[in-house]
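Chain nomenclature is as follows: A, B, C and D, assigned in order of appearance, with residue numbering initiated at 1 for each chain independently.
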Amino acid sequence: MAALSLLDWALDGLLALLLLWLAWRTLSTPALFQAVVLFIGFGLVLALVWARLYALDVALAEMAIGAGVTGALLLAALVRLEPPIGRGRHPARDDEQDDNG
Amino acid sequence: MPPDLIGPDWQGSGWMLASVFVPLAGALLGFLLPRLAAAMGLVTAVLTAAATLALTLDVMAGGPARTLLGGWAAPLGILWRADGLSVALMAMTATVGVMVSLYAAAYFRAAAHERVFFWPLWLLLWASLNALFLSADLFNLYITLELLGFAAVSLTALGGGAAALTGAIRYLLVSVLGSLSYLLGVALLYHACGTVDIALAAACIADAPRPAMQAATGAMIAGLLLKTALFPFHFWLPPAHGSAPAPVSAVLSALVVKASFYLVLRLWLDLLGGGAGAGGGRWLAELLGVLGTGAVIWGSVLALRQERLKLLLAYSTVAQIGYLFMAFPLAVAGSAVAWTGALYLALAHGLAKAAMFMSAGSLLRFGGHDRIAELDSAVHRLPLTLTAFALAGVSIMGLPPSGGFIGKWLLLEEAFRQGRFGLAAAMLLGGALAAAYVFKVVGHAFTPAERERRVRAIPKAMEWSALLLAVAAIVLGLTLPLISPLLQVGGASAAAGGAA
Amino acid sequence: MTQPVFWGLVGMALVVMGLYALIVHAHLLRKVLALNVMSSGVFLVFIGLARRAPVEGSAPAVDPVPQAMVLTGIVVAVAATGLALALIVRLRSLTGRTFLGGDKGD
Amino acid sequence: MAEPPNKDGGGRRTVPDRTKTPGSVPAHRALPAAARALLALLMLGLFGGLAMAVLSLSEPAPGLAAAVAEHLAASGVDHPVTAVLLNFRGYDTLLEMVVLLLALVGVWSVGRARGCAGHAPGPLLRQLPRLLAPLMVLVAGYLLWVGAHAPGGAFQAGSLLGGVGILLCLSGQPLPRWADGPVLRLAALLGVAVFALLGVAVVLLPDGAPLAWPPALAKHLILTIELAAMLSIGVILAALFTGGRP
């Protein structure tokens, strides 16, 4: 394969860094709602990566299923995991109770 | 690239197709028409078993058969291959499957919710087992593994309680992790070889870059060991198997765990050439042997210490899986007899453990609990169930003339012949411990009742199906000449793989 | 290092990160997220490496087979997520717990 | 390169545990710092091994791109990914549809759906589906159609339909009565049923094999299957979102 141009490398590097950073934040941020939102962002960046790798089918599916439906499932689950007494338009602010190690 | 990707033959084995698509159709109909689910399930079970029997006879008479799915040959399409190994496990699945279906029809008779969902899930599980045993395509095997895992998890959760849910969730996490690890291996293999067909990949493995191959096989086998619950990856098994409804426990212990063992064996024999091809093969076999030894001892000791019958049986499963892996170091030294022994043990354990879990379910239903210490006088009220339990116990202990005896005997003989006294000692110790835990249960069952307990009647179908399976486990020991040609894997299967 | 190898390495990093988080975190939702990140990593390995140079000059550079497999994998992953979340929500409403009980070790 | 996240006490706050039921065990047993460090090291080693494996792969990549291109003409579609998904490796796709259906049966067996998201939708969410749903259905149909020769296909289209279902659910619109019982189940299993029935039926053709589409019919068979699959995927994803049986 012909050598990639510097621009290509810069773009790849940027996307990869963004992807890894989002993944890390998803897995380590204390608030679950933020984690889920970050995960959706992760899915969208991943879709960009698929597009860069000439996998447009996968990019579409990642956007629709990986980020979209999975994100919706996670958000819905988050709402359902809310304590029933908690009043909340913002299920979000519920700090993860198990992550205080 | 071979010139004729469209293969000339799909060699008429409609039975292969039936053994996967009949349970699938039964599951769909059962899901669509919940009222008829149980009746449809029983009919489907019988039909599936018949198809499996026909396929078994075909393979016994005509040798390995194959099907090109989609009409495309190997690198592009997906192949089914039925050889002795697959057919033996499918036949065991069918035997257990019919009996479990009979048992479950009675067990869930009063439980509307469980009945509606048990049948589709169980039939899908059966279909995915058969699909797994037939598939000769590594990526397709990944999907069947996931199918199997999801069906098993959903069935576990059918118990409904907190314990069952916790067990099911842990099982799901472990199962998905194992599948992902396996898939990672498949991805590396695909990029090294450009194919996911087992036979074609086996041909390329010698030339492929070593680190990639080692990582690929390592990831695949590690994922499968996790799913097989080989010590020390067994932590998830007892909670799941111990808290599921009885017919489900029977299926999980007898069949589902065997599927991933089968896959390890299949990869070992057909992909890695019996450990001879890959450089680290011998080392890996020894490692599996050590883990197997650990599983036998650790599982047996923990089984002995359990106070609840179903947990005892679950730990016994952990131990019995260990024996299967002790065959690896014995077989890598060049002996296919060890495989015959391990497979015999796998089949016998499938039949016997299903019978034991079904008996345990009857006892649980009968007395309302499964605390071993309070099983007194069960023998007078449920003689058939206790007989089933004891007979199955004979096979688990490895006493003649059971199937368990033959398997263990072959392994022991091989261990002595090769001078592997450590392995032999572990097998004997495991047998003694198994005797101890079986007698612990049977002994309590024979003690006279201290006081009257409230009990519930047990449908006859539940007692008889367990008994028939236990008898099958014993009879298996008498049919060595009939079955052993099927289990001649190892040296023979490489040749068969080349031919196919 | 070429572009495919680069993305293969990124995929492996995601796998390892997911595995670490799966083991470390107790909250079940976090474990589900970890498994999802891990599976994305596996998919990235699968597709990223497929973009290595074609065998022959004339052959197309994009191999559709890994793409099809990853599409399958994405659907399997969403199915697993749906099932896991339903079980977790159920566990939460039965027991109030969102983590696995202490019956783990032995 | 990325190394596994080592927690540096970011989450080291003690949050009052609102959800604890009386008498429950302490919420978790987080790993001690030493164990985490050890685990991180282990992961680093694992990454090293996997990276070596990736680096060792030879550069001219073996693959099936050429084989797919060669037989694309006989597959009934022009887009290679769709050809692999629905013809060359169609059996994988069938099983994958079964996986989705199985997940749905599993979710339904766990419990009942309890509404969509817990609270009443705002005005925006109530109006959104009216605007968006027809558009999304249209795009889904386009994706399905275009999948025969360009990126797109049943999965992407189906997940868009699933999105429509999720939006409708969130907007609090009651489903029509008929969408509850048998019809919903039928829609969920239609994809698998059509795929499997056609796959078995083609065996009866001369020279038939399971799931082997004759080139003359392939285009239509694949479109039929994709249509059914799209519908089922949409229904199943939306039903998974509601989190239980209706």
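Simple rule for what comes next: contacts are C-beta pairs under 8 Å (C-beta built on N, C-alpha and C of every residue); 3 or more make two chains touch, one makes a residue touch a chain.
Keep in mind that what you see is a predicted model, and the values were worked out from it rather than measured.
Engineer: Between chain pairs A-D and B-D, which one is joined by a greater number of C-beta pairs in contact?
Structural biologist: Output for the comparison: B-D.
Engineer: Can you give the whole-Å distance between the Cα centres of chain A and chain D?
Structural biologist: One centre to the other, that is 16 Å.
Engineer: Cα centroid separation between chain B and chain D, in whole Å?
Structural biologist: Taking the average C-alpha coordinate of chain B and of chain D, the gap between them is 28 Å.
Engineer: Quick one: chain A and chain C, Cα centre-to-centre, how many Å?
Structural biologist: 12
Engineer: Listing for chain C: what residues touch at least two other chains?
Structural biologist: 2, 10, 13-15, 17, 19-21, 24, 26-27, 45, 49-50, 52-53, 61-62, 65-69, 71-72, 74-76, 78-80, 82-83, 85, 87-90, 93, 95, 98-99, 101
Engineer: Hunt down the residues of chain D that sit against at least two other chains at once, touch-wise.
Structural biologist: 2, 5, 7, 19-20, 27-28, 30-31, 36, 50, 54-55, 57, 61-64, 66, 68, 81, 88-89, 92, 96, 99, 102-103, 106, 110, 155, 237, 240-241, 243
Engineer: Send over the residues of chain A in touch with two or more other chains.
Structural biologist: Those would be 20, 24, 27-28, 57, 61, 65, 69, 73, 76-77, 80, 96-99, 101.
Engineer: Could you run through all the chain pairs that touch each other?
Structural biologist: A-C, A-D, B-C, B-D, C-D
Engineer: Where on chain D is chain C touching in the complex?
Structural biologist: Spelled out, the residues of chain D in touch with chain C are 1-5, 7, 19-21, 24-25, 27-31, 36, 39-40, 43-44, 46-47, 50-51, 54-55, 57, 59-66, 68-69, 80-81, 83-85, 88-89, 92-93, 96, 99-100, 102-104, 106-107, 110-111, 155, 233, 237, 240-241, 243-244.
Engineer: Quick check: in the complex, which residue numbers of chain A touch chain C?
Structural biologist: Going by the criterion above, the answer is residues 1, 4, 8, 12, 16, 19-20, 23-24, 26-28, 32, 35-36, 39, 42-43, 46, 49-50, 53-55, 57-58, 61-62, 65-66, 69-70, 73-74, 76-78, 80-81, 96-99, 101.
Engineer: Of all residues in chain C, which touch chain A in the complex?
Structural biologist: Touch residues, chain C against chain A: 2-3, 6-7, 10, 13-14, 17-18, 20-21, 24-27, 29-30, 32-34, 36-37, 40, 43-44, 47-48, 51-53, 61-62, 67-68, 70-71, 74-75, 77-78, 81-82, 85, 88-89, 92-93, 98-99.
Engineer: Write out the stretch or stretches of chain A touching chain D in their complex.
Structural biologist: Listed in rising order, the residues of chain A that touch chain D are 20, 24, 27-30, 56-57, 59-61, 64-65, 68-69, 72-73, 75-77, 79-80, 82-83, 85-86, 89, 91, 95-101.
Engineer: Where on chain C does chain B make contact in their complex?
Structural biologist: 15, 19, 22, 28, 31, 35, 38-39, 42, 45-46, 49-50, 52, 65-66, 69, 72-73, 76, 79-80, 83-84, 87-88, 90-91, 94-95, 100-101, 103-106
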